[in-house]
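Each in structure tokens, the structures are laid out below.
Paired with chain B in one complex and with chain C in the other, chain A is shared by the two complexes that follow.
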Partner chain A sequence: MEEIVQHLTPLLDQVTGYIYPNEIELHWGLLVVIYPYLTGLVAGAFILASLVKVFNVKELQPTYRLSLLTALAFIVIAPLPLLAHLGHPEKSFEIFLTPNVNSAMAMFGFVYAWYLMAVLLLELWFDFRQDLVTMANESKGFKRLFYRTISLFSKDLSEKAIAFDHKAVRVITIIGIPSAFLLHGYVGFLFGSIKANPWWSSVLIPIVFLFSAIVSGVALVILLYMVITPLRNKVVDMLCLDKLASYLFYIMIVDFSLEILDFIHRVYESEESISILASLVQNKLFSSLVIMQVLMGMILPLFTIAAVKTFKVPADLRKLLYFISAILVQVGIFSTRWNVVIGGQLFSKSFMGLTTYKMTFFGLEGLLVSIGLLIMPFIILWILIKILDPWRSEDAALSTPTTGQ
Partner chain B sequence: MNNWISKIPEQIKLLAVVVTVIITAFLIVRPMLIPAGFGEQGHFRSGALNDAVAVQFKYAGKASCVECHDDMTDMLAGGYHKKLSCEVCHGPLAGHIDDPDENTPSFPRERTLCPVCHEYLSSRPTGFPQIVSQSHNSLKACISCHEPHDPVPPDVPSQCSACHGEISRSKAVSHHVDIECEFCHTTPELHKTSPRQYRPSKPQNREFCGQCHTKNSKHNTKAPRIDLATHETRYDCWQCHYPHLPEAR
Partner chain C sequence: MKNSITSKRRDVLKTMAGFAASLLVPKVVRGEKASAKPFDWADDSIHYDPHDHKWGMGVDIDKCIGCGRCANACKIENDVPKEPFFFRTWVERYEVHENGETTIDCPNGAVDGFEKKSGDDDVLRSFFVPKLCNHCENPPCVQVCPVGATYQSADGVVLVDADYCLGCRYCIQACPYGARFLHPVTRTAEKCTFCYHRIVRGEEPACVEACPTEARIFGELDQKASPLHRFKRMNHIGVLKPALNTEPKVFYANLDMEVK
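This part shows the complex of A and B:
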């Protein structure tokens, strides 16, 4: 008792109005912000990749494999924040053993597993199979065994087999698009179906989540492409970059319209929660929602890309502007996740008061762990690129046209 | 037959092997990992019920104290704290029942316990006794003036604010700051000792407010004037203006 009183008293100073006792402290912190952010990047990167295969957008070919590997690198890390937040990660596999169909959260494990195993890994395997086999043939010893193993001891490099690979990739992508929608729509659904919370409970949330996911994924691939290409001593393909930027632009317009629609809908409906939500937005979320999410993360990049599209901007400046816009978009989407997760807990269910989120630095739920979790996908991506060498055939085609392989 | 199998692409065969391995491994491992008794009574391990039953009781409950401390339970039952449990102040005492001499209760004699319930908070209900502990006799322990098992103020409170903290604080910053509570509420003296039995009066009609606010009021105040006959006649004034913090704009 004494401890609890001592622990909560300083927090009480931050509280305005009337809130229930169990609302002083937030239960979902930074880690739960990172989780939808990461899954969003996965879904976004994947959908970008599928544009190449399903809709045959040739310009985007240079980023196809990069997007797929990005999706893989991020999806491996995506559940970690949840595991760290819940504690007892060693028990997490139990949700697979005893599936509970009544729990949306428990079923997410299956959505995740489906997407990882049946979509991403499968598509990557078919796409890289030819390369893996050749790489295995070219290397020896442990390396050879390794490539053999991940190619599942496949050997067939006949034209027919490769044609089959291409067909398989196409089919998986077609299944993959709804799966990617499901993956991130599901994350939105988890929030949108919490009917006790008016900030979350909305049928639009899954769709808004989905489009913001695509926005963030495309922006991430732009950033990665622009950083990695010079590191490989190659030249950025402006055609590809312009196309990426256009897609970013159009999807952002859709995303922005949806968010506006959600906003207008809430204001017009004016349910009893509207006044506390208004004060939430005007006080506690002003900088993260109005300034970071909407102005910096949405309007500024939209205007920048629109300007680039209308005026003839030289390539170097264009690159710089794209780069800055993509970074701003990342900041904006991260704020979106923040505003949903943290914002949804800052107001009392009594609709009469607001509390504050106090972030810690150390500890499992702290800033340090979160930064670590955000860096890890990039390390994994680096390792994946090292192992799989995604630009292999492309580079080969450039240096020595038509080798026998 | 052979021909038919060889037509299947190599990739499919390999993947089929992998998928079969995964599924068989899952099917073999699953029964071993699922805890015994799972699903017998629902989506949980039925042994969990026994675990819950086996949990050590920490609290004994008020009824169990009567046996040995009937003086105290009687005293508590007669006073304002009649609804409190003994253990909310003395701590969990299941052990004490078994062996009173070994497991002695704690005594919250400091000033920290009582304000958990009695510190002024605007959300507490009307009439709930509240104090601001920093200014309420701040140097002495609460129990030096209030018997914890039968708390009564040593003196009858002189101010309505002792129990109606929020209303008093609202009124203090309102346009009605200069009007005494008793002007609008005729309060029997006994209300301050037995507030629920002896209730003060409340204004009953529009004319009451009209005393000061109607056009031709003789009250020599700076009260803004309205026409009682035309100003929102279908409602009582306090359905729109909170009397303790009236607002008009």
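This part shows the complex of A and C:
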């Protein structure tokens, strides 16, 4: 009690205009910013992976498994910030047992479970089954038992079985694409369906969320691929990287167009809330929205990749520019999440005033925990790579000269 | 004892949920035990069937003098934390200036009333507006609650089951009127209940009883003999944010266009 009073009292002086008296406490803080950021990366990475399987984009094959494992590593952590921000995390299971079917949030558990169990784990299992069986055969003792267990004791390496694996992966990917859309579109709907909040209430929000998710997922895979490949003493496949950058570029253009449409629509309609929203953008969100999200996170990387595509840029410089662009995109998408979640709570629903968000460092909802939650997926990814050795067959093919097909 | 069907079903589901959970989940307790329930169904001295009632409130803005007795009474009656961040009801002061600008203030929810302002010669009109949960017929908070902890009782009152509430605060985001807060001790959502523990005993909400000018009228919406019915018949009535289609059951007489 004292802690929260100490936290809120200085904020009273920072209110400009009039806010309802209950609005001084900002209810969804940094953790709720991280949650859509993480789910966005999951959906984006998965959709990138599905390009290989469904649309046969051969150039992206080197990042296929990395994308899937990235999606898995991030989805495991994605619900943790939500759980940590609850007043009563110990009651969270009630969402599964007695959900209110009218509530967008109640459906989260089911969408999440569906995506994790029916899509991601299943696709990974079929994709890795052959490798897992082989690794089990090649190892001994506990390791052997471990691989046997995660391969669910399957041993069949016949051509027929492997052909079935490939078919299964394809079918699951086809189901997986709408599921990934659902996963992140639904996160957008959580915000977009709140009619009390004009900053959130927009039919475009789920779609903007979706495209920004793909943007962030592709950019993350670019970064991971560029970092991990040299660490494995391998050479970055420039064809793959150029293709990744191309996809990033085109999806960013769609994403940016949607955001501009949303902006123009709001300004043109100029509803009751327009003056407070204008004041919000000019005062509270100027650096995070105009500078970080739009200039640094969108326009600068768009121009960079466009320049790379237009001029003949040597491979090393191209790599550097892609890398910088992908980092900028991450900063931009994180700012997007921040501007939606925090921005939507910085103005009063009376439309008469603005308030302030004060981040804490310690505590469950503080900066420290949030940084931890952002690092954890990378640790999980590292463990997954160690266990599953996703480039196994690829490396084997490179080391033994093939006769060609 | 009269038990409503929904409450029985809720109890059965809760028991089932608790039992299933006890098998699966180790009990982790965080925060303190929720505050007393608004209404104890086991109390045999109370004969109240929510199906027999439809509650609403009328607020006559012209009668409000901004003394803040209502906001103060509410805090005492409902054990609302005294700090200036948590309110079930509050009073706003509006000043419409000659240049068309409107200023609103609400120091500490008007629990201690307002201090007189001086030197404002350009004030065109000024008035006080008491605010509280509108107990919407079409409540956005109930729609979004992931577990149904916030629900609409058969008598139209929107309540929160603190034992059920996860503290996700989605309802706080969904309320267009800023009528909800998270109780800093129980860590569950809180709001005006029309003093449910009082109305089931045939008493009036504390704010209504405390008002010295009868600016607040509480009563039945569907009964012609009710003072609220008369209030709605005798005044020009407005509700807050009608465009949002929440259908509030708090009705304002002499509502100014500037009221937010």
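Here, the second predicted complex is superposed on the first by the 386 of 405 C-alpha atoms of A that agree within 3 Å, B and C clash if a C-alpha of one lies under 4 Å from a C-alpha of the other, contacts with A are read in each partner's own complex, and residues count from 1 in each chain.
To be clear about the criterion, contacts are C-beta pairs under 8 Å (C-beta built on N, C-alpha and C of every residue); 3 or more make two chains touch, one makes a residue touch a chain.
Bear in mind that the values here come from a model prediction, so they are computed numbers and not experimental data.
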{"item": "Partners on chain A (chain B, chain C) - clash or fit", "value": "clash"}
{"item": "Chain B versus chain C as contact partner of A:86, first or second or both or neither", "value": "second"}
{"item": "Which partner reaches more residues of chain A (counting touched residues only), chain B or chain C", "value": "C"}
{"item": "Which of chain B and chain C A:159 touches, first, second, both or neither", "value": "neither"}
{"item": "First, second, both or neither for A:100, with chain B first and chain C second", "value": "both"}
{"item": "First, second, both or neither for A:13, with chain B first and chain C second", "value": "neither"}
{"item": "Which of chain B and chain C A:129 touches, first, second, both or neither", "value": "first"}
{"item": "Chain B versus chain C as contact partner of A:196, first or second or both or neither", "value": "second"}
{"item": "Chain B versus chain C as contact partner of A:316, first or second or both or neither", "value": "neither"}
{"item": "Residue range of chain C overlapping chain B upon superposition on chain A, of 93-101, 129-137 or 165-173", "value": "93-101"}
{"item": "Shared contact residues on chain A - chain B and chain C", "value": "1, 5, 18, 93-94, 97-98, 100, 102"}
{"item": "Sites on chain B touched by chain A in the complex", "value": "9-11, 14-15, 17-18, 30, 33-34, 38-39, 43, 112, 116, 122-123"}
{"item": "Touching residues (chain side chain A, partner chain B) in the complex", "value": "1-2, 5, 18, 93-94, 97-98, 100, 102, 122, 125-126, 129, 152-156, 160-161, 164-165, 168"}
{"item": "Contact footprint of chain C on chain A as seen in their complex", "value": "1, 4-5, 8, 12, 18-25, 27-28, 82, 85-95, 97-100, 102-106, 108, 190, 193-197, 345, 348-352"}
{"item": "Chain C to chain A touching residues, read off their complex", "value": "13-14, 16-17, 20-21, 24-25, 27-31, 81, 83-87, 90, 92, 102-106, 108-109, 131, 140, 143-148, 164-170, 172-182, 184-188, 244, 260"}
